[in-house]
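Note that chain A is present in both complexes that follow, paired respectively with chain B and with chain C.
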Partner chain A sequence: MYVAVKGGERAIENAHAWLAEERRGDVNVPELSVAQIREQMALAVNRVMAEGSLFDPDLAALAIKQARGDLIEAIFLIRAYRTTLPRFGTSEPIATDTMACDRRISATFKDVPGGQVLGPTFDYTHRLLDFKLAADGDVADAPQRETDQADVPHVTDFLNREGLIEEAPHDDTVPRDLTREPLEMPADRPLRLQALARADEGFTLSLAYSTQRGYARNHAFVGELRIGTVDVEMDIPELGFAIDIGEITITECESVNQFTGSKTEPPQFTRGYGLVFGQTERKAISMALVDRAMRWEELGEDNVGAPVQDTEFVLYHSDNIQATGFLEHIKLPHYVDFQSELELVRKLRREAGAADMQEAAE
Partner chain B sequence: MTDYNFAYLDEQTKRMIRRAILKGLAVPGYQVPFASREMPMPYGWGTGGVQVSAAVMTTDDQFKVIDQGADDTTNAVSIRSFFERTAGVATTTQTAEATVIQTRHRIPERDLTEGQILVYQVPIPEPLRFLEPRESETRKMHSLEEYGLMHVKLYEDISRHGHIATSYAYPVKVEGRYVMDPSPIPKFDNPKLSDCPAIQLFGAGREQRIYALPPYTQVVSLDFEDHPFVASKADHPCGLCGAEDSYLDEVIIDDAGGRMFVCSDTDYCTARQADGFKGKDAA
Partner chain C sequence: MKDHIDTNADRKAWMGLLAKAPEGQVAALLDANFTRPDHTWLRPPEIGSVMVRGRAGGTGAPFNLGEMTVTRCALRLPCGTVGHGYIQGRRKADAEVAALVDAMMQTPQADMVRTHVLTPLADARDAARATRAAKAAATKVDFFTMVRGDD
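Let's turn to the complex of A and B:
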C-alpha cells in the first residue's frame, strides 16, 4: 500500500539541526570566534565582502562561520542581508590617488614616484608547506620604517602626459545602479564594472586568462596595482558639506594594453580597470583584463567571437549567487515535468517501434 | 522576526514590484523587467514568486503554497513557513479557501474563482530562450511580433517525431499578441490558463521579469490546424481517489518496478477521498 510522502516540515527541521551540529564539528576542538576568522582568514573575508558587495569584515566573518567556510554560501548570506538595508545616500567618489598604500607596484616602469612597495604579498614566497604553523603560529614582528605621507600619483598619469595612453575624461553622469534596476543590455562601462566588481572570482579569472591565451588577445601590462585604505566621504545635506564616514581597504588595478590602432583610434596604449573591496588582487587584475576586452566595440576592434567580448554572455553569467541558485535548483522535485516527459518519450518510442515493424514487414 | 517588514520586503521594494505587476496586467503576456532583490532563499527556488506574493499579500489573506501540485513538498513547506514567519499570514492547503496561491509547476485541479491570485514561480520567462539565447535579440523579436522561429521549431518537431515534442512549459499566445512561457507546468494544465476568473501573476527572480494574465484573458496553446494541441496525461485513473480528470504522478512502489498513479494535486485528491471516492489502490 502506498502512502503519499508527508512530513516535509519535520525533515527540514531535522536537517537544520544536523547541519548546525556538523558546522560546529568536534566539540572537543575549541570553537572559532568571528574575530579569529576576521583576523586570520582575512582574504576569505575580503572575497566575501567584494562579491557580497558589502564592506563589513565582522559580518563577512560571521557569514563564513555560519556557512562552514563555503564562500559562495557566505556571499549569499551577505547579499540577502545587504538587500534589506536602507539606503541613506551615495558617497562621494573615492580618491584612490590619496590612498594610504600597503602595496603598490608597477610592471611598466622600474621605478616610479611614490616607489614600488611589495607589501604583504605571497608573490615571492616559495610554496612550501610550513609545518611549523601546524604547531605554533607565533610570528616575529615585521621590520618597520616611517613613510612620507605624500599622495601617491597614478602611474598611468605619467603616460597620459605624453599622450601615449587614451584619455580617461572625467564624467559626472550618475551611473545606473545594478542592485536597484534590472540589468538591461546594452550595458555601458560603469554598469559593466559594477557587475565585474561583484562577479565570481573564478569566472572572472578564467575569462581574463582566456584573453591572455588568445581569445580576443589583448596583451596587458599591470600599469599599476595598489592596495590600501581610502577615506569615504559623504555629503550630508543638513551640514551642507561632505564629511568622512569611514575608511575602506580596496585593491585597484590599472592595466595598460597594447593597441596598434583601429579605423577610429590612433595607435596608443589603452586602459582596463579593476577595483575591488579588500586585498583581492587576483580579482582586481582579472577584472581589468575583462573590462578591457569588453571595450572592443568603443575602440573599433574586431569582434573575433571570443567569449570575453560577449558582454551579454559575461554579465548574465558572472554572478555566482544567480548561477549557484539556478544550478542547484535542479535538486528540487521536478516529477511533474519528468512525468510529462515520460509520457512523451514512451509515445515516441511506441510509434518509432511500430514504424520499424512496418518497415521490416515490407 | 520583528526586524523585518511585513512579508520581508520593504515597502518601497513592494511598490516597485506592484508597479511591474500593474504594467504586466495592462499588457498581458509582456515580460516587464523589474529590479529583483536578493531573497533569503536561492535564485531558482522561487524568489520571483516569493517577491510577487510578498508584494500582493495583505494581513487578511489565506496563503497556499504548492510545488508539483503538493502542499507538503519540501520547498513548498519552506516558502509557506517563510511567510508564516515574516508576515504572520494565515495559511491553508485548501484551494477553495486560499486567496493567494503560490505554485511551482502546476495549476490546481479545482477551478479558481474571482478574487483569487495565482502566483507562478518561473525559472526561464523567455519562451524563445532555447531558440535564441540572447536577451537583446528575443526582446526585439517580441516587439516585432516575430514568432516564425517558434513555429518552425514546432513544425520541425512534427516532421521528425510526428508530434510537437514539448510536454511542459508549452508556449502559448496571449490575446493574439505575445508568445508567453506558462512556466514549466505540464501541457495538461495549459487550457486552465485561458478564461480564468483568477488573476495569474508570473515572477522570475533571477531573470528579473514579471508578467501577468488578468482575469478572463484568452490564452491559446500554439499548434497547427492539422496538428491541434492536445492536453495529455498518464492514461490511468488516480490509484487513491479514482479521479480520471486529474494530472497524475507515477510512483514506483516496489523493487520489481511496480508502479501506481496518483493525483499530483494533493488537496484535490484528499478532498475526493474525504467525499468517499476510492481508487483501486486505496486502503
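Let's turn to the complex of A and C:
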C-alpha cells in the first residue's frame, strides 16, 4: 500500500550532496575524466554497453563515473537514457564473417585457416599483481607482423564438409523485440538470444557453469571465439539504399557440442551461439552454452528439470535491472505495509494466547 | 542487398567513410581546404538509436542484439543539392559536416573534396586498420611439431 508522506526533502538533498562529494573522493587525488575511463577501464565500459544494450563507449564511461564504478547502477543509467532516444531504424544483420579480428581462436581445430590469433588477452598471464602499474610508466609499442588482412571465415563453415556439424540456415523472419513488447513465453530462439545478449554476466556465467558441471549436461567446446570490429549497415529510406552507419566491437562465440542424436535429429555436433557488444568473452562463451542448453526442445532432448533448461526461469531472472529494481525497492519505505502485518501478527498472537489460556483452564 | 547498389556504390562508400570517421576529423580536413557553403536545414541534427541485429549461429535467423547511438541530419545547399549525414555516436557538429561533404560531393567541387577530404580520411582509416591487423598478426600462434623419429 502506498501513502503520500511529507518530509525528508532536506535529508534527501543533503544525502545527494554528500554522494557527489564521496563520488569525487579525496580532492588531492586528480579527478578521473570520462576519456580516461573509456580508454583505461575499457572492459568495464564494454560490460555496461552490453548489458545496458546500447553501444556508445563515451556514454558508458560517463555512467561508470556517475555510478562510482557500480556497474549495475551504470547499466541502469544507460537503460534509462536509451528510452529517451527516438529509434531511427534497424540495421541489416551484421556480417560477423567480415569481422576485422583482434582475436580469433578455436579450441577444437588447431590448424584453422586464418590461424589462432590470441589478441590482447589475459590468458597465459600468471595472474600475479603487477606493481609496476602502481607507478607511472610508459608502455612499449606492441609488436607488429605483416598480414594480408583477408576476411577470416567462420570455423564451422569450412569444417562442415562432412555435414557433421549442424547448420544455421539463412532465414529472414523479423525477430520479436523485447524492448518493444513484453517478454512473453514461449520465447523463440531469436528472442532468447536478445535477452541473453543483455543478460547479467554473473547470472549467465553461473547457468553456463551449472550445465558444464552436469545440470542438463552440455559438454561444450569453444568451436570459435572471435573479437573484433564489424560494420553496421542500415537501409536509409530517404536515400533508397543502405550505408554503413558505424562500426562496433563485438565478441562472438560458437560452442560445439557432441550430440548422440535424438528422436528427431541424427548424431552430429550441435551449436550454441553467443554474440555480445564489446570485448566480453566470458559473457559470450556463457551465452553460447546457455543458448545451447535452452535448445533442448527443438533438438528433441529430454528435459531433466535443470535450471538452465527452464527458459521462463532463465529469461525472467536474467535481467539485472529488473532484478535490482525489484530487489532494492524493498528498502524503500513500506511503513504502512509493515504496520498492517504487525497488526496481523499481534492479532494472531492474541488469539493463540487466548486459546492457550482456554486449554489451561480446561 | 539493394538492387541499385552499383549505381550508388560511390556515394554509399563516402557516406560510410564519413559515418565512421573519428570525432572532428572531417571538420578539420574540410575547414583546412574549403570555405563551408551556406545551407538550409531539411532536418536539423538529431540524436537517436538504431537497433543492431545479428544472426543466430552467424548465418541463421536474425535477432536484436542491442542498440547503438546515431546522429542524423539533412541539408540543402543554395544550388539545391541535398546532403545527408548519418553518423555513429552523438555528434551533431560532425553530422552537419558529414551532410555538407555529402552534398559537396554531388557538385562540381566533388574532385577537390575527394582529394582533400575523402582520400586523406580513407588513408587514415586504412592505416589504423592495418596497424591493428598487424598487431593481431603478431599474436598468431606458429605451431611446430616435435620430431618423433624417422619418417
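Definition applied: the second predicted complex is superposed on the first by the 353 of 362 C-alpha atoms of A that agree within 3 Å, B and C clash if a C-alpha of one lies under 4 Å from a C-alpha of the other, contacts with A are read in each partner's own complex, and residues count from 1 in each chain.
The rule is short, and it goes like this: a contact is a pair of C-beta atoms (placed from the backbone, for glycine too) under 8 Å apart; a residue touches a chain by one contact, two chains touch by 3 or more.
Note that the structure is a prediction, hence the values are computed from the model and not measured.
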*Looking at the combined model built on chain A, do chain B and chain C fit side by side or clash?*
fit
*Would you sort A:259 into first (chain B), second (chain C), both or neither based on which partner it touches?*
neither
*Between chain B (first) and chain C (second), which does A:269 come into contact with in this model arrangement: first, second, both, or neither?*
neither
*Using the superposition on chain A described above, determine whether A:296 touches chain B (first), chain C (second), both, or neither.*
neither
*So after the superposition, what angle do chain B and chain C open up at chain A's Cα centre, nearest 10 degrees?*
110
*After lining up the shared chain so the two structures overlap, which partner does A:348 touch, if you call chain B first and chain C second: first, second, both or neither?*
first
*asked:* Touch test for A:203: chain B only (first), chain C only (second), both, or neither?
replied: neither
*asked:* A:329 in the overlay: touching chain B, chain C, both, or neither? Say first, second, both or neither.
replied: first
*Please tell me which partner, chain B or chain C, touches more residues of chain A.*
C
*Regarding the shared-chain residue A:82, is it in contact with chain B (first), chain C (second), both, or neither?*
both
*Closest Cα approach, chain C to chain B, once both complexes are overlaid on chain A (Å)*: 11
*Doubly contacted residues of chain A, that is, touched by chain B and again by chain C*: 82, 86, 179
*Show which residues of chain B lie in contact with chain A when the two form their complex.*
4, 8, 10, 33-40, 42-45, 47, 67-70, 72-78, 81, 104-106, 123, 134-136, 161-163, 165, 167-169, 184-188, 206, 208-209, 232-234, 239-240, 247-251, 253, 260, 262, 264, 266, 269, 281, 283
_Residues of chain A defined as touching chain C within the complex_ = 49-50, 53-56, 58-59, 82, 85-94, 96-97, 100-103, 110-111, 115-120, 142-147, 149, 154, 156, 167-175, 177-179, 189-191, 193-194, 197-198, 231-232, 234-236, 238-248, 250, 252, 254, 271, 273, 275, 277
*What part of chain A is in contact with chain B in the complex they form?*
1-2, 4-9, 11-12, 76, 79-80, 82-84, 86, 179-186, 312, 316, 321-322, 324-329, 332-337, 339-344, 347-348, 351
_Quick check on the complex: what are the chain C residues that touch chain A?_
1-2, 4-5, 8, 11-12, 15-16, 19-20, 46-70, 72, 74, 84, 86-90, 129-141, 143
